[in-house]
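Take a look at these structures.
Below, subunit A partners subunit B and then partners subunit C, in two separate complexes.
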Partner chain A sequence: MLRSLKGLLCRPLKLDRGFALHTAAKDRVSSLLTQDVQTAPERPRAVFYTNENDPANHAEQHEGRLYSIPLDELKTVFPHGLPYRFQQQIKTFNEACVMVRKPALELFTYLRNTNFAHPAVRYVIYGERGTGKTMTLCHLVHYCARQGWLVLHVPDAHLWVKNCRELLQSSYNKERLDQPLQASSWLKNFKTSNERFLKEIKTQKQYMWGRRDRTEAGRPLAEVVEQGLARVRNASDAVGVVLKELKQQSRLGPFRLLVAVDGVNALWGRTTLKKEDKSPVAPEELTLVHNLRKMLMNDWSGGAAVTTLSQTGALFKPSSAYLPQELLGKEGFDALDPFVPIPVPNYSPREFESCYQYYLQRKWLQHEKAHTEAGKEELRFLSGSNPRQLDRLAGPL
Partner chain B sequence: RLICTTTARQRKNVGASGPEKYTEAFIKNQIEEFNLGKRHLANMMGEDPETFTQEDIDKAIAYLFPSGLFDKKARPMMKHPTEIFPEQRKIQWGEDGRPFHFLFYTGKQSYYSLMHETYEKLLNAQKYQDQLIAQDLPPQKKKRNLAGSRWLTKIELEEMLLEKLSDNDYSRFILLLEKLMTLPCGDTEEKYVQKFSKEVPVQLQKVVIEPLKYDERGVAFSTGEGGRKTARATAVVYDNGTGKITVNGIDILHYFPVLQDREQLLFPFQFLDRVGKHDMVCTVSGGGRSAQAGAIRLASAKALRSFVTEKEVEFMRQAGLLTPDPRVKERKKPGQEGARRKFTWKKR
Partner chain C sequence: MALVGGAVLGAAGHWAVLSRSCGKAVAAPLFGAAAYSSVPAVSNRDGQQREASTRRRGRTPQFVRQHLPPRTEKMAVDQDWTSVYPTAAVFKPASVPLPVRMGYPVKRGVPPPKEGNLELMKIPNFLHLTPPAIKKHCAALKDFCTEWPSALDSDEKCEQHFPIEIETVDYVSSGTSIRNPKARVVTLRVKLSNLNLDDHAKKKLIKLVGERYCKDTDILTITTDRCPLRRQNYDYGIHLLTVLYHESWKTEMWEGEKTEEDMEEYIWENSRSQKNALDTLLRIKASENVSDVTKEELLASEVVKDYRNSVIALKNEGETEKNMSLYKESVKKLLNMQVLP
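Take a look at the complex of A and B:
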């Protein structure tokens, strides 16, 4: 029974991040029953699940409930981008359930109502640590992927500004520095998620890679990506080319572009990288960062840019900072201004119930006291309804 | 000058047989000096010498000679000589060497004389009882409140008699007193026995549980204070809450990132099964992370007493929620690296 319904179950997107996925919380009675009657007759659906696997149909009534993403879809839509703990949870539970939460629903309404002729609107998801910003972003990515958008998902911009072993001087621009490893891994993931688009979109210019290789105008973008993957030295430039092409073509092209960047405050902060003469590297000097910044400007249309602020990987920022002003700094704030801020709060009581019931149902909480009402209250108190804290607490239980 | 010395006690709390002999003249001198000194002190402090009490003396001395010593007895003090010089037995024989008391040669003259007196009272009481029976009157039963009083301890008795006692002697005396108590005593016996009993103060100081106060919204609240090590905390617990707790204006998740501290805060509420029912606003200062958590725990437990029945207060007390933790940092000693740790021992 369980297996057959696994496909219908919502993937629990990192619940510790309180993924604002359209997972219905414990909505007793009404709406769930109606859905139950329609779709899943075999298994007695728990109250907090919803069968709506298409994020497009998620609405107010699904708020607080969990929906699952089929595992094979997971591979194509999220080759990278899910938080690490959530990936572990997927492996453990053998399903990926994400919770539907209000910020995501809000974003969906905005996206549905955007006028694609206007310049792209930028949304900044912010909130305290562990409240579910990354999961909200992933939910959004899933939604857009289902809708057929081209998703440019940068899982964590912080990875590009720290812990980089190899820095090459860019051949394109002498001042800048390349990061071949990060660029190539990103290109690989980008390829898996957007294969069909890459075949359709054609380049509009000719690009020279070094002295010998070049890509003619009118070739599919897949070739550019191949080039980047084959010649690792040119990977960062390939990324730059891809971004530029997409930006230009999204206005006219048949596709919509979603730029999803997690940890966008990394682009305007400081880096921990040093040049060979031990002088610090400013973020502008990195090709990847430079190109991404251009992408996030609002001078293109035909899509939207959704970003997340993240304190967790942020460098040189106090741990209590979570507001856009603090994390982005003056430079970043001015660059991203105007944007639509979307706060992500801790779990509401309903969402907490839903998450708790999910853990119970999945037999994740093994402690005998965890099944009692008192245990639930204790969990609620100790975690402060913070999704990440709840996940960490529930781990050893 | 007499050849034999005063048979002063060797015990610390009674007579010091030191090099000084507290003769009567000596003590009288001391008393005069004390009174003069008291008047001088009063003049120095600008007070009236006639109405200068012992308390004023203590305050004045503490002001003039401030001392940081922990032991109160080591600090400078000025008290009446009778309090400072312990009582000593006067010389018990005359110039011809003949003792004054008839029981001197028993060795414990005061003890045996006391026993004699007590037994005499006992016999009197029995005679009185016989008289009552002879007159066909019912024997008076006097209920004495035994609960609020206790007999003198052995040490106190020794102090009173200025003599050493053995345990056997003491128990015999107490038995005699109790036997005397069982008989219907007259008034004189009553007074006599009262000399050997002491009031026991009420054991548990009845801690007053404050009633609930109501703030302007009409929500009931109560305050509590607590401390642990160097941390001091005040907590205000509100009724009809959702379980939100704020410390120094910051949410507990941010103020106490460690789970252990939050568990400490949870404990009083969980014990009373009121986890999500109260809101709390606390202020805390001093100490470290754990100390602050413990201080808030104590403060919240004290505040919760007002919301809860007396039985539950008793349960809380037995669970240790209402007891302030007396452990503080132990002093570092000289010659050691820390409070207990010694320096590395080197063989040579």
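Take a look at the complex of A and C:
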């Protein structure tokens, strides 16, 4: 009790020291003060933070607020998948704060009300560049991880269709091409995030790796992953086996499966890869892409598939394209149809306010004019309330 | 006068004078100063004195011509302009009472005035085609015209009775020949809604004519100029229209091989989207252990119809906010996603 009182005394001093808060914000602060006295005994924070660290409890009143993910959880839940700039921000601020926004809340309601006996519903998050699609996906991944789902997170499908050094002919199917490096790095990260599931899930078939190695039926899936990591040649096939097993077992099994793919339009676009005779490689000729496409069909149940469209890494697509049909093309749209489209807009005024106050509070905005009302309006105008633009503008300030 | 005197005398000494004066007279115009070109090289006081003296020497006082004031100063405001410019003529600055300036201005200056302005003289002008001139033309041509039929008093009636519009151009020029090769071009315009075409025929006709059809105005334009005479081109145009009409009504055997890429608009029946939707619904029903649900029943259900309309709108009209939200709602209903508030 005494601790919290001391916190209350410190806080007005901290806030008055050079920060310009709105009167409205001050009122909210005072209301939060009374709330904090009753509930959490931890260090009270400003209005744009929320103490609710479990995404499951995020609701509309938390909209526009930032919640933080504990750093040790980050390593297990997000071994890959966070945007690069956000990772840098985590290193700088020493905390990972994610904003709670409406599209994510909408997805939470859908996921909570899914009927796991029905075929998996596909959700496609789309929006203009830099509006927060990947961050929404990460928020969702965190939620599902907390809820105990098995998360199959493909951080950027575009990485599988471009800049690939080694392409091996697949031993399983002569027509297809393997990508050992990409497959093995993905398997490594998949292992870190889903250790305990891999021990529990058992294979249902026998798998032969080449002429000598084999994995018997009934062995834990971790063995398949180990095989893929040990023998890099078989990594892509190991990925295929993992996906197949998960798909078959999610219906009956005690776990829920979330397939989270970022940049799903890469699966149905073009690749920049070339075979040895310099002929272009179609996406379906890649084992990884083929298996992931099968995963995104809705012929399995017991989970959901959430995907994001991304123009940023997209190949041969104009930079102004952001709508589903433009980025997915006819083939992709037909493959994903029927899906639930979820648009992600730019920051609303309240969200912008939150983000701005966060940067101020973390002393990220050092420019003397940045604290003023005019500075805030200038930032709002220059960034157009676009999260990425705001992030980039705030950098040099 | 010195020149004339020199020529009459013909003495050698006078020749010298003559040549000297000639030389100076020829040189004199070179020193004429232009209002807006660069200043000539000789610009100091000595040069000016020399220039003035040569001018005076070259021209005798009797030959100083009085420049008459331009005609524009004598023009009344309500004059008959058609008599000033009855035909197409060059721009005459003294005849046009407008303070027009044209050309690229010098630095910190204005465009040059109309006097001696080559830019104004180069371009075609329409000073001979002012509204009073046109009125006079029409009045003169009226004697050669017949009365407009009184029954055709509105555009709709004209279109109803005369759906095909023929356009030909006659050319008149001042030259030795009355022929103009451009006069043989004939343009036919017709609205497809006036032709008796069913759905297949209309699509086939549009595919056959290609660029000659404008979707916004629904007008087919056929331009013919392959024959040497206008009448022949007109006949050919009418023949083309007839052939197109009849061919589009026929259905060839190979038209059955029309694939999805050839379709002009999106048809939901037998499309991938329909297949996906049916598969999903069948799986949902199977999971709920509801069997004996036929495809026709599913297709006739409300949710599927809703979904079908939203997909068709999305594909045909493109993606807008409204279309996307309609699609979202229809998919939610299709997949039975009840969202509890």
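Please note the rule applied: the second predicted complex is superposed on the first by the 356 of 397 C-alpha atoms of A that agree within 3 Å, B and C clash if a C-alpha of one lies under 4 Å from a C-alpha of the other, contacts with A are read in each partner's own complex, and residues count from 1 in each chain.
We take it that contacts are C-beta pairs under 8 Å (C-beta built on N, C-alpha and C of every residue); 3 or more make two chains touch, one makes a residue touch a chain.
Since this is a predicted model, take the numbers as computed values, not measurements.
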Legend entry - Three-chain arrangement built on subunit A, subunit B and subunit C clash or fit: clash
Inset, instruction - Examine A:V121 and indicate which partner it touches, taking first as subunit B and second as subunit C; both and neither are also allowed. - result: second
Inset, instruction - Check the residue A:G384 against both partner chains and state whether it touches subunit B (first), subunit C (second), both, or neither. - result: first
Legend entry - Of subunit C and subunit B, partner touching more subunit A residues: C
Inset, instruction - Check the residue A:L393 against both partner chains and state whether it touches subunit B (first), subunit C (second), both, or neither. - result: first
Inset, instruction - Have a look at where A:P343 lands relative to subunit B and subunit C in the superposition and call it first, second, both or neither. - result: second
Inset, instruction - With the two complexes superposed on chain A, say which partner A:D334 touches: subunit B (first), subunit C (second), both, or neither. - result: second
Inset, instruction - Going by the overlay, flag which of 62-70, 134-142, 188-196 or 332-340 in subunit C ends up clashing with subunit B. - result: 62-70
Legend entry - Interfacial residue positions of subunit A with respect to subunit C in the complex: 109-110, 113-115, 117-119, 121, 298-299, 301, 323-326, 334, 337-343
Legend entry - Residues of subunit A touching subunit B in the complex: 128, 320, 374, 377-378, 380-382, 384, 386, 389, 393
Legend entry - In the complex, subunit C residues that touch subunit A: 271-273, 276-277, 279-280, 283-284, 287-288, 307, 311, 314-315, 318-319, 321, 324, 327-328, 331-332, 334-340
Legend entry - Interfacial residue positions of subunit B with respect to subunit A in the complex: 243, 251-254, 259, 262-263, 266, 269-270, 273, 275-276
